[in-house]
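Below you'll find the structure I mean.
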Amino acid sequence: MTKTYKTAILGASGYTGAELVRLIHSHPVLEIVAMTADRKAGMSMGEVFPHLAHLPLPALTTLDEVEWKGVDLAFCAMPHAAAQAVIVRVPERVKVVDLSADFRLRDVATFEKWYGGKHLSPELQKIAVYGAPEFYREEMKTARLIAGTGCFAINALLPLVPLLESKVIDPDHIVIDSKTGITGAGRAPSERKLYSEITEGIDAYNVAKHRHTAEFDQELSKAAGRPVIVSFTPHLIPANRGILATIYVHGDALKVHETLAARYAGEPFVDVLPLGSDAPQTRHVRGSNLNRIAVFADRRPGRAIIVSVLDNLVKGASGQAIQCANIALGLPETTGLEAAPLFP
Amino acid sequence: MTKTYKTAILGASGYTGAELVRLIHSHPVLEIVAMTADRKAGMSMGEVFPHLAHLPLPALTTLDEVEWKGVDLAFCAMPHAAAQAVIVRVPERVKVVDLSADFRLRDVATFEKWYGGKHLSPELQKIAVYGAPEFYREEMKTARLIAGTGCFAINALLPLVPLLESKVIDPDHIVIDSKTGITGAGRAPSERKLYSEITEGIDAYNVAKHRHTAEFDQELSKAAGRPVIVSFTPHLIPANRGILATIYVHGDALKVHETLAARYAGEPFVDVLPLGSDAPQTRHVRGSNLNRIAVFADRRPGRAIIVSVLDNLVKGASGQAIQCANIALGLPETTGLEAAPLFP
Amino acid sequence: MTKTYKTAILGASGYTGAELVRLIHSHPVLEIVAMTADRKAGMSMGEVFPHLAHLPLPALTTLDEVEWKGVDLAFCAMPHAAAQAVIVRVPERVKVVDLSADFRLRDVATFEKWYGGKHLSPELQKIAVYGAPEFYREEMKTARLIAGTGCFAINALLPLVPLLESKVIDPDHIVIDSKTGITGAGRAPSERKLYSEITEGIDAYNVAKHRHTAEFDQELSKAAGRPVIVSFTPHLIPANRGILATIYVHGDALKVHETLAARYAGEPFVDVLPLGSDAPQTRHVRGSNLNRIAVFADRRPGRAIIVSVLDNLVKGASGQAIQCANIALGLPETTGLEAAPLFP
Amino acid sequence: MTKTYKTAILGASGYTGAELVRLIHSHPVLEIVAMTADRKAGMSMGEVFPHLAHLPLPALTTLDEVEWKGVDLAFCAMPHAAAQAVIVRVPERVKVVDLSADFRLRDVATFEKWYGGKHLSPELQKIAVYGAPEFYREEMKTARLIAGTGCFAINALLPLVPLLESKVIDPDHIVIDSKTGITGAGRAPSERKLYSEITEGIDAYNVAKHRHTAEFDQELSKAAGRPVIVSFTPHLIPANRGILATIYVHGDALKVHETLAARYAGEPFVDVLPLGSDAPQTRHVRGSNLNRIAVFADRRPGRAIIVSVLDNLVKGASGQAIQCANIALGLPETTGLEAAPLFP
């Protein structure tokens, strides 16, 4: 691998932006040539994120200041709504991986229902590939725009899609109880995210109305070949990174396990544990692009419990975005993503 | 209230023992006259628990050294199996509230299946009253032995029992996804409970085979008038105190809320939030004897999500034990239990 | 104690305000009759602080809406600068305990140097008593305005003042290395206080320029009878509550211990541990009004290390404010402050 | 770099052993061929450390089972006392980096005083090089045995040694106030290290008698050319990784900064921040081999405050051990150690 791909990060001042920088620093052929952050333009990345202060990085600029000549790839790590307005301004020959929710939903009306406001780039939404490499690898190879998945979504879709596709579970009885660390909510200050409001406790939020629900509906209905409406409750735990989903399904546990183990045998980042294993822990995938899945028989015959974990900033966001970019650029899919998890 | 009740704490060197001491310190008519801790006999409570070092307390002794004369009440805060062997030695006129699992299950065979080993005091098991004041208040008034509930159990039984009794939910579709702080696992050292293994993450454990399941079976089947087998998964979160259960049921949310609000209108320690409230947080009941419940309509008509929280060391253990003792002694039920939660 | 003292809390929507409510809820003769919070006027306290939602409390109002008739006592829990403007409007017959920095410094110029801006109530500053009961108990008995101490300040003044007064240590070699939980910084959102920026780490801030330094200068110089300039570095730890100061002095450890043990023998809230004890931990005084102090001989003869801890929201703020109010009202000083610490 | 160095890890079942595995997994020319863990021999590394379960690694064996043929390098990650007994059994041609305290002290009597017991390999102690690359780089190039530094020691030696060598500070007035995460205490279970005993608080321990003090004495006396006795207090904070030292010295801050900036200008892993910077945070070096240092003028002329941070498992142990090995093998010193810190 001798060629280097010049890379821009749009919206580099948030946690997913910083995580892109961390991961790309260990990537052999991606080179960061531009980083934008409108309100922090003119600052160095080290002022915004001291953990990156010792790295050689371009300064933060406005979007207008980006010199696009020679740029091969752009990651957009901006909030939803903002991403729409920015990506239309990227030259067409630049491949784009977007981490926002703006291009995940195929149906404009569904997007507007869950996220509010008029979609500014419906034509881009049409060509966007849903950023789950395990399900859309072929489409990614030629994609111009990849829409990174929601972190809750990918963590539960990885076990559920193959089970619905192979009709191993009942689409009418799916409960997804998810627990997430706080970084998924970003770095913008709010009372809700203060240390003093988060440590030493847990709570449920947006019960039955979290926006990632729309991604569940879209992808699970496609997998099942009929409408699927899951029960989904997100919870916030005192942790920076990690999502754990406990998924209750109607289906035979052996069959569930067999289906997942077969489906993911060749996948580099999905690790289906042997039956009888302890449940996977979020802290054991911290910092890595790994998704781990375990299957348990419930006490009641015909019911199973699935536990799925990942690091929301890596496999749930920036790591998966690089995995998508690797595919789109024709690189080995695991390039730059093989570091071991950081524990403890 | 002029009379003072002389109180012994058997097994005072664990977290529930220390919590009994903390709570009784603010109780106007309970007076601690003896505290046992076999392996730590001879030590002061302050050496074992420095946060109690400034309080006037008797030293820790062996069980044999306890002077039972004049003792009115004993709390037993020992592990299961140990409690059986100890409580038989308490003089019969002393009322006992046991916090272990030894006397919770009415059926000896069921106990022996879940906890292993032969039960040493089957005759005591027969007379024990299950320590949920909201369900067995009358029986407690004359009870000699009260078997404090499991912490996971009481947190989910409080919302579920009335719903099954009034047939508002389907007994065949109950999912209880519980998340607990670490103190429920006690103070005995193990790798599993080290700070470095617990902080910044979450995991599921004993999936579909946690021992509190037997309490669910017993009490929910009684409430439903037929066998009930729930799906139950406990999780460990980085927190000292607090249990949150997210409970998925088939039933109408309005009806569920109405039933619980009516059932608990007069209960001092069960707080059913108005429909439309944010979900309750474990940190907001920390240190108090409060159980808080909220009800949400799921997206799918006919399904509801219930969130229930409490402090596992208080309403889930030592606080509820004092509540039981208050009833058994004929005291106002809230005596000594009215301090506000400690937040943040 | 049959009389009840009607109490107003000005600025009840911050952490010290909430802590006043928590503590007063267990106080037998203080009764909250008014609570203000300008921006949140009209809300219930339970909406602002769900952990207090089940308590019977007046709604939050603006300052203008307070009905002062019958009010005996006011706590002011507002930020510095704001407190000045508010306390002048409180009727003169109402005793006031202020928790801000506005009235702690006797010298207006010093205040203006450290806190910036012109002092709006220099006449009130003159009559304010510094809110350290252990040093100004007599003055408090007749005070109209008591200026609660800084939390860092009181934690280090308690050991240092008697040592300087009795000339047991060298005023030219005092290093105060303090570590605090985050609640001292209040509840206003900022990036700095996010969970994700605080958990799992430590940092020093305002090195050699923290504002509480002015209180050290004032009180230690008074104790020594000559100017004292300490080295003081505050650190932020991942904890809600608690300050620990490690204080390095030149002086004989035995003499240091003897002086402190004698000085505080009769004090209800200062607990000088026996020589040879383990160092006190912040978590062991959590929620209580206790200050704990231990003394150690350094390896080098003639040098000693002192460790002092307290809960910044209680002995460092709201608890001590109630202690001051008890004195000012002629009540037993410990009234309402005797609950045991909450651990773990 | 085409040659591969076959590497053994002796004592792989502790945190520093696991961290060696994590780091070596990203090292291009070290290859793990043997891992020992006497009590866990026969288990896979994934059973002991699930975060490493997906990596291709040899199984854990006893020391006796190690096939030394072809092995170039051994890391010993065993506790002190155990390391002595094991390293004598390693073939002489194998280079050894030991992470225990066994070979750090040049004087056998000093070792026996602080660590107790008779030293079993005094002849090895004589040839060991103290494992601080910034001070003993030349000696390491030909060393057979390198004795990795204490984590508290290296964090404070990095700023202090150059200052004493150049006589910029007074050797008689050095206060080192250190705060550490819990992983430095290892993975062996104890009540002291339970989550419930560590979270949400801080405490000082081994005040004026921590064993790393002997390393301070040895290296600082050497640097000063005369005996130096520092004041040193370690504290435990709720964090897995990270040590922060706040160091109080008598000396001119400008001169202190200038000396350190000049001394470390060319060092890849010591980052002296510009004067006027915010103090460095432990969380910003997490997972990396970086040491960061900032210098502040105290309020009193002629006194300065230095803040130094590192990750105790990396620059304080396993990362620095690899840095030492790189030097001993003639590799570029930063090989395998350039990954960016993991934040948040």
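Which chain is which? They are A, B, C and D, in the order written, and residues in each are numbered from 1.
Keep this in mind: a residue touches a chain if its C-beta (ideal position, glycine included) is under 8 Å from a C-beta of that chain, and two chains touch if they have at least 3 such contacts.
Nothing here was measured: the structure is a model prediction, and the numbers come from that model.
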Each chain counted as touching chain C and chain D at once = A, B
Key: Graph separation of chain B and chain D (steps between touching chains)   = 1
Identity of the chain that, by mean CA position, is farthest from chain A = C
Message = With contacts counted as defined, which of the two, A-B or A-D, has more C-beta pairs across the interface?
response = A-B
Ask   = Whole-Å distance, chain A centre to chain C centre, using C-alpha means?
value = 45
Ask   = Can you give the whole-Å distance between the Cα centres of chain A and chain D?
value = 36
Query = Which whole number of Å gives the spacing of the CA centres of chain A and chain B?
reply = 39
Ask   = At which residue positions does chain B touch at least two other chains?
value = 15, 183, 196-197, 199-200, 238-241, 278, 280-281, 283-284, 286, 344
Query = Which chain A residues qualify as touching chain C in the complex?
reply = 15, 182-183, 187, 189-191, 193-200, 238-240
Interface residues, chain A side, partner chain D - complex = 15, 18, 21-22, 25-26, 49-55, 183, 199-200, 240-241, 271, 278, 280-281, 283-287, 290, 338-344
Message = Can you tell me which positions in chain A touch chain B when the two form their complex?
response = 173, 175, 177, 179, 181, 196-197, 199-205, 207-209, 213, 229, 231, 233, 235, 237-242, 244, 246, 248, 278-284, 286, 296-300, 303, 305, 307, 344
